[in-house]
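Pasting the structures here.
Next come two complexes built around subunit A: one with subunit B, the other with subunit C.
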Partner chain A sequence: MKEVDARGRSCPEPVIMTKRALKEDEEIDVLVDNRASLENVQRYGRAMGKHVSASEEGTGWRIAIRK
Partner chain B sequence: MEKVRLTSLVRSSGCNAKLPPGDLHDVLSSLPPFHSDRLIGGYEAADDALVYDLGNGRVLIETVDFFPPMVDDPFLFGEIAAANALSDIYAMGAVPAVAMSIACFPSCLELSVLREIMMGARSRTDEAGCVIAGGHTIADREPKFGLAVTAVHDKDKVWTNSGAKVSDVLVLTKKLGVGILMTASKGGECPEASFNAAVSAMRTLNRTARDSAVDLSVHAATDVTGFSLLGHASEMSEASGCTIAIDGSAVPVHDGVHDLAMFGFLPEGRYTNEDYIAEKVAFSDSTGQTMKDILFSPETSGGLLLSMSSFDAEIYLERMKGSAWIIGKVLERDGKPVHVL
Partner chain C sequence: MELKEKPRLLITGAVIGVASVILTVLGNPQNMGFCIACFIRDIAGSVHLHSAHIVQYMRPEIIGIIAGSFAISLITGDFHPRAGSSPVLRFIIGFFVMVGALVFLGCPLRMILRLGVGDLNALVGLLGFAAGIGTGCIFLSNGFTLGRSSDETRIEGAAFPGAAIFLFILFLAVPSLFSFSESGPGSMHAPVVAALAAGLIAGMLAERSRLCMAGGIRDLILIRDYTLILGFIAIFAASLIGNIITGSFSVGFADQPVAHDKHLWNFLGMMLTGLGSVMLGGCPLRQLVMAGEGSGDSAAAVLGMLFGAAAAHNFSLAASAGTGPALNGKVAVITGLVILIAIASIVTVKERRKYERG
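Coming up: the complex of A and B.
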């Protein structure tokens, strides 16, 4: 599974990184470490018609974006 | 020399750069109480601006506002920062008299950039008929700019946010969504037409919005900035002891904002605002996520929010020629301070 590490990035960068990654892979994991990124990346995935789920990991979250 | 993108130098921008409202409240409420008979409305009421009683029926109104850039063009940034700072004075029904600049500027940038920012601000204070002189500039990694603005006004003509009356309607004078559009712009995702509309709105003074209402009976007024429409509406309804009902479908929104919100181009302030305001707002079941995102998002140099009778509002809307919208009404306090229908 391709992993996009968007920790330490502020909006809208994590969304842009997710967008770029989804152009190359249909399914990705995105790591984020702040609430705005957690919410915004999930919104992006859902708006793209994907199945999206998030789980806590370390001090942040792992967002799974699936077909 | 290559042009530096101002927004690439800053982490957050515009009114979105405000400290989260909850954090600020914690600090302010921990300070020792302060009292002065000259401070109208008391220490707690001095939110964006303070009102100082000069005697003989006159007051001094003082405000300061500054933030990091949300656009790359320095002249435009100066215009927006100035329009935003001047707005606090218009929101109190007054006219800005004098302004001083407050600036932070990276030593690595060419000084011509600072000059352009100040020229932009000057164009706005000129339009406002406001004297601008002096100020203070410090070297800082992130550029920031704003104004401290002073007005002198009749004590009995100051608009406050505490006089909204049951059966009033609420009027908003700029469309929402500039915070979302600027977030998308930072990622290169904002359509050009939407960007231009947002910039045009942000650099527009709230002068006409104020002047068009000054002979009407404005019961309560504020301007919509970093605290979002819901934040500023909740402050007004709490101060007035009423409930404000906002009709989500009547709220004007810039083109492109719905889509960008849906795709997650939301400023961080949208979430910190919700943390602080959510308990004050009751949403109807039909209010969608995207509408909530828009209503919680910070605005920069937003419009005035005025509470007035529906009779006066009709006159006002005609004068504003399509630049004002009735977005809600004032009810007896019913549960939460703000309802979104």
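Coming up: the complex of A and C.
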């Protein structure tokens, strides 16, 4: 699984990194460390018609974006 | 129950719009229920960083927004001390965000409030703001970043909100330390308790909803997402209705309170603010909120805005109500645009090379 590490990135970079990664892979994991990014990346994934789920990991979250 | 994002944004926008109208009725200058740029500028004057006598006051709204965000983020666990994403660049960008706002005469939030009262100069400002955000989006989608922040200690995260609260206690305890305008916009203010309460509520709601004036247009351009712009629209609608009720609504370019009708400079001033806001990852309001959440990077941007406000008045960069910016202000806006575009270009080219190398 390709992993996009967007921890420490300010808004809206995690979304842009997700967008870029989804062009190459259909399924990815995105790591974020703040709630704004968590919401933005999930919203973007859903808007792209993906199945999105998130789980806490360390001090942040792992967002699984699946077909 | 946790509200969904969209209702949260709509409620936040509506409350801020209504609170702005109420603060104006209680004594704030017209169309200035909230203005992050103007109020930071007043604070800069109050702590003797500039000596423009008509714009000096310790605005409780600003302290309230930072403290409200700080308090609610501690309660909800959103408080996340972090820093290290190009703080000096953020200071410089914050500086020019403020210069642009003071040439237009208002931050993006006041721009919406001005629209809500019928000030068409704010529409020109909005076009410039959108142009600045569009420019920023070109850099962002090509890889622009100010770099990763890393975790900091809780004491570091609490330092900036703590300092803001300390400053406010000092203002209540020993007011003679500070300067206060006896005439002009700085002399017009709502009672301290009302202004502080409005700030606290706005700070808490903005923290929970991530309300951002720049983010709405940015997301619309970058990812066709209209969630954040709902907050923007709600503020406009609430202030429009409020102003119609209070009878302050009047459409036009001329004779709008604390505004000027120099279209080019309204456009370019807000373009500078829009570009800078996108580079910082949020508008001036959002920077205050994130500083309250423990971001040292946003604190650096806020300090840059404070310094920019002082410079704007010490070097005559700020526009005058009615007559617009003088030569110094025009030169400063152009210089700011050149500097921000240069920073963004250099960073973007370097990031692209890194990305292409894999």
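Basically, the second predicted complex is superposed on the first by the 67 of 67 C-alpha atoms of A that agree within 3 Å, B and C clash if a C-alpha of one lies under 4 Å from a C-alpha of the other, contacts with A are read in each partner's own complex, and residues count from 1 in each chain.
In the analysis below, contacts are C-beta pairs under 8 Å (C-beta built on N, C-alpha and C of every residue); 3 or more make two chains touch, one makes a residue touch a chain.
This is a predicted model, so every value here is computed, not measured.
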item	value
Subunit B versus subunit C as contact partner of A:Ala47, first or second or both or neither	both
Touching partner for A:Val15 - first (subunit B), second (subunit C), both, neither	both
Partner chain(s) touched by A:Thr59 [first = subunit B, second = subunit C, both, neither]	second
First, second, both or neither for A:Arg7, with subunit B first and subunit C second	second
First (subunit B), second (subunit C), both or neither touched by A:Ala36	both
Contacts on subunit A seen with subunit B and repeated with subunit C across the two complexes	10-13, 15-16, 34-36, 39, 43-44, 47
Residues of subunit C touching subunit A in the complex	5, 78, 80, 82, 84-85, 140-141, 145-146, 148-151, 210, 212, 215, 218-219, 222-225, 227, 280-282, 297
Partner subunit A, residues of subunit B touching it in the complex	11-12, 183-184, 186-189, 261-268, 270-271, 289
Residue numbers on subunit A that touch subunit C, as the complex places them	7-13, 15-16, 19, 33-36, 39, 43-44, 47, 59
Touching residues (chain side subunit A, partner subunit B) in the complex	10-13, 15-16, 34-36, 39-44, 47-48
